[in-house]
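My questions all concern the structure below.
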Amino acid sequence: MGFLDIRDVTKFYGQTEVLHRINISIEEDEFLVLVGPSGCGKSTLLNMIAGLESITSGEVSIRGRVINGVHPSQRNIAMVFQSYALYPNMTVGKNITFGLEMHGVSRHEREEALLDVAKLLQIDHLLDRKPGQLSGGQRQRVAMGRALVRKPDVFLFDEPLSNLDAKLRVDMRTEIKKLHEKLKTTIVYVTHDQIEAMTLSTRIAVLEQGHIQQLGTPQEIYNTPANVFVGRFMGSPAMNVIPARVAVQEGVPFACVTDSGDGEQLLRFSQANLAGWDGREILLGIRPEAITDPEGADRGSTNVVSLRNRIGVTEPAGSDTFVTMTLGGIDVTARMRADVNVCRGDTVDLAFNMDKAVAFDPETEKRIES
Amino acid sequence: MADVARAADFRTRLQQWIPKLVLSPSLAAILFFVYGFIFFTVYLSFTGSKMLPRYDWIGIENYVRLWGLSHWWTAITNLGIFASLYIIFCTLIGLALAIFLDQKIRGEGMLRPIYLYPMALSFIVTGTAWKWFLDPGIGLEQTMHLWGWESFEFGWIKDRDMAIYTVVIAAVWQTSGFVMAMFLAGLRGIDNELLKAAQIDGASNWNLYRRIVIPLLRPAFLSAFVILAHLAVKSYDLVIALTGGGPGRATELPATFMYSYTFTRNSMGIGASSAVIMLMTIAAIMVPYLYSELRERK
Amino acid sequence: MGSAAQDTAVHTGRVARTFIYLVLLLFALFYLLPFLVMLINSVKPLSEITSGNMLALPAVWTIEPWLSAWSTAQIGVEPTGLKPYFVNSLLMVVPAVAISTILGALNGYVLTKWRFRGDGILFGLMLFSCFIPFQIVLIPMARTLGILGMAGSTPGLVLVHVVYGLGFTTLFFRNYYAAFPTELVRAAMIDGAGFFKIFWRIMLPVSGPIMVVSIIWQFTNIWNDFLFGASFADLDSMPMTVALNNLVNSSTGVKEYNVHFAGAIIAALPTLVVYVVAGRYFVRGLMAGSVKG
C-alpha cells in the first residue's frame, strides 16, 4: 500500500464515464505528474483527490485512511490552482495564513509559520501587499506559500505554470523542482505540457479519454512508450510513426520502408523478437533525435543504420536543424546538427539509431514488447 | 455509489445542505407571493367575485364581459398607441443621443447625468411636472402667449383625442436617457479595430453605422425593447399623476382599468381577468427572451 | 462605461460636429426644463404663477411654499404637510432595501458557487418574477396582508417590497458572482472555510460595486413606488409618492401650484441625491451585464 492510493476510481457525469477505473499508488516523497491533452480527465482526478468533486466509485486513501466523502479541509492536502486563486481582498500574509486561521491555529504560531514560508520562497518583502499589486511570478510564489504553510501530506498542483510567460515558466519549473528536492514532499501535479512532466516528475501518468495510457518513470515513458498515443504525445517534435513491413533475413528482423523515391529501404531492428512478425505490417516509432546526419550519430549505439533519402523542408532552430522528408508515405522529421549543410531537394545519407526505435502493432497501436 | 455517498462526513453533508437552506426562504417567498398569487388571481378571474373574492366557478364569463366593455377596448387601444410610440421614440432618441455622445464630445461627463437623471424620479413627480407644464392655462401655451406668439396652441392634455400622446411625451422624457445609457454601453463595447478596418475599407460614417455598428448593437436593441415593453404594460403611476385616466376615459390603460374595476367598481372578477391578460402580454415578451438569455449562458 | 477619452475611430466634419452639439444641447434642455421650471416656480408666490410667465425668475422670492409643503399643506384631510409621509417612506425603504439586498447576495452566491441540479430553473422563476405586472398580485396580496395582520402597516409594505425586489437583487448578485473565479471558493474550502465564512471573508469584501447597484436600484424603486403604497398603505404608513399625489390631485380649494412643486421636489430629493452621489457607479455596474438576463 502506498502513501496516496487511488483504487479503481471512476467518475460519471450523468451517464458519461469520464474516468475509467484509475489505479495509481503513490509513495511518500514522490512527484507524480498527471499529463494529457485537455479534456482527458486529469483535472477531474486531481479535484477528486482534493475532495472538490465526488468519487463515483472506488477509493482514495492517504496514509491508509480512506478519504472518500471527507471534507476537503480535513484531508490534509493543499492545492495550488491554475489562476493561483489568491483572495483579492487580503494581503499576501493573510492569504497565506487564512487556512491556518480557519483551522484554529493561534496567531503567534501563524506568524511564525508565515515567516518561515516567506523566507523559503523569498517573498518576505511582499507580505503586506495585495495580490493585485504582484507580478505573475510573485503570485505563483504566494500560491505555493499558502500551500506550504499548511504542511500537508499531499500537495496538489493544477497546471500552476500555464498562466506564466515562457521564460518565467522555465524558471518556476526549476524552482518547484528544487523545492521538492529540498522539502521531500509528496506532490501530484497536473499539466498538459509534456516537458514539465518530463523535467519535474519522478513518475508520470499519461491520461487520455479517461484511461491511464501509461504509468512509469520519465525514462520509461519516453523510451518505451506503451502505445502510439504516448509516443506521439511525449516529446517535441513528436515521435515519427512510420508504416513499415517486417522482413526477416537470416533470422534478423528488418523494417522495410518506402523512401522518397518509392524505393524500398531496410532498417535493421535491435529487437530480435520482431522476427516473429515476419511479413506483417507494423508501425515503426522513431524519435527525431534518432535520425541524424551520419557525423551526428550516437556513438554509444550498437545499431546505427544508414539510409539515403531526399529531403524536403529544413528548419534551422539554432541548436539543431530539423529536416523533413518523406518516408513510408508520411512526413518524417529528423534532427541534425546546427551547422549541417543540406538544402531542400538534396539526397543525403541519414543515420538511424535503431536502438531507440520501437515497433507498434497497427491494430491495437500498442507497443510490441521485446 | 451509495457506499461512497454514505461515507461523506458530517461536515461535507452539512455543506451540501446549507446552500439549499439559505436559498429556501427566498424561493418559498417567490413561489408563494408570485406564483401562488398568480394562480389565485387566475382562479378569481373565473369566479363571480365582486367586492370580495368568491369562489363560485363561472367559467370564462368575466373574459367575455371584459372584451365586451368599451372601457376595456379604450384601455387596450391606448396601450397599443402608448406602447408603440413609447418604444419607438425612446429607442430612436436613445440611439441618436448615444451615437452622438460617442463622438468624443466635450462635456460628455456633464451631459450624461443630465440625460439620465429623470430615471431617478418617481413617475408621480414626472406627472406633476408635466401636467402643469402642458396645462394650456398656465404652462407652455400661456408662456408662448406672453412672449407674443398669440396663435400658439398646445392643449393636448385637455383633448380627448390627443391626451394619450402627452402620456407618451412624459414617459419618453423619463426613460429615453436610460435607453441612451444602454446603447452607449453597447457602443463602447464594440471593438475599435473593427471600425478602423471598416474605414480602411472605405465605409463612410453613414455606412459605418448603418452596416456595421447598428447591426452589432442587436443585443442592446433587444434588451431595450424588452425593458421598454414591459414598462409600458405596467405603466400606472404616470397616468394617475398626469391625467388621472382622463379627460373622461381618454387615457385609461389596462393597469388603471384593473385597479378601478377591482377596488372602486367592485368587479373583482373582471379586474382579475384584465390582470391575467396583462400578465400574458408580458409573458409573451419576457419568456422567450429570458429563455434564450439563460440558454446562451450555459 | 469607460471615460470619454476612449479612442474613437470615427471622424466627423465641422458641420456635422456643430449639428451634433446642437442636438445634444437641445436634448439637455428638454431633460432639464421641466425640473428647472418646477424649481423656479416653487419659490414664487402663487399669484406670480397663475398670472405670469413660468419661465420668468421670481419677482418676489419666497420659501413659503417649501415650508408649507413640508409641514402644513393639506394631505387628504389633515394639514400635516409631507413630513410624516417622508418619515413613513424612510421607515419602509431602509429595511426593505437592506433585507432584499442581503437575501439577493446570498441567493446569488448559492446560485453561482454552490450549484445544484435544477438551480437554473429556480433562477428563471426568480427572474421572471421581476417582470410580472403587479396587478396580478394585488388582490391576493391584500388578502394575505390582512390575514397576517399587516394590512396598512409599514412592515406589510416592507414585506411586499422585499418579495418583489428579490428577483432583481438576486439577478444582480448572480451575474456579478458568476464572473468571480470559482477557484477562489475552492481554495477557501481547502483552507477550511465553510459556506458562511467564504461568503463573509471572500465574497462580500469584493462585492462593493454590485452592492451599490443593488442598493440604488432597490432604493429608487421602493422610494418611487406608487402602486403598492396606494393599494396597501393606510394613513399611518402612507409613503411619500401617495401623499404627493393626494396633495397635487386634491380637488378641494385653490390649487397651490408652488406648494405642489416644492412637494414634488422634496419627494424626488432622496433619489436624486443618491443618484448624484453614486449614479456613476450604478450605471457602470448595471451596464456590466446586469441588465441582461
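By letter and in written order, the chains are A, B and C; residue numbering begins at 1 in each of them.
As a working rule, contacts are C-beta pairs under 8 Å (C-beta built on N, C-alpha and C of every residue); 3 or more make two chains touch, one makes a residue touch a chain.
Predicted, not measured: the structure shown is a model, and the values here were computed from it.
The touch graph of the protein chains shown is complete. Counting C-beta pairs in contact, the chain pair with the highest total is B-C.
Subunit A and subunit B have Cα centroids separated by 58 Å.
Per-chain CA centroids place subunit B at a distance of 15 Å from subunit C.
For subunit A, residues that reach two or more other chains under the stated contact definition are 51, 71, 73.
Within subunit B, residues 11, 15 each touch two or more of the remaining chains. Only residues 51, 54-57, 66, 68-71, 73-74 of subunit A touch subunit B when the two sit together in their complex. Listed in rising order, the residues of subunit C touching subunit A in the complex are 181, 183-184, 186-193, 197, 201-202, 205-206.
Residues of subunit A touching subunit C in their complex: 50-52, 71-73, 77-79, 81-83, 85-89, 98-99, 102-103, 146. Listing the residues of subunit B that touch subunit C in their complex gives 11, 15, 18-20, 22-23, 25-27, 29-31, 33-38, 40-41, 44, 53, 93, 96-97, 100-105, 108-109, 111, 113-126, 128-133, 138-140, 142-143, 146-147, 173, 177, 181-182, 184-185, 188, 192, 195-196, 199, 205, 208, 219, 223, 227, 230, 233-234, 236-237, 240-241, 244, 254-255, 258-259, 262-263, 268, 271-272, 274-276, 278-279, 282-283, 286-287, 289-291, 293-294, 297-298. Subunit C meets subunit B in the complex at residues 1-2, 4, 6-12, 16-17, 20-21, 23-24, 27-28, 30-35, 37-38, 49-50, 52-55, 103, 106-107, 110-111, 114, 116, 120, 122-129, 131-141, 143-144, 162-164, 166-167, 170, 178, 194-196, 220, 223-224, 226-227, 230-231, 241, 244-245, 248-249, 257, 260-261, 264-265, 267-268, 271-272, 274-276, 279-280, 283, 287, 291-293.
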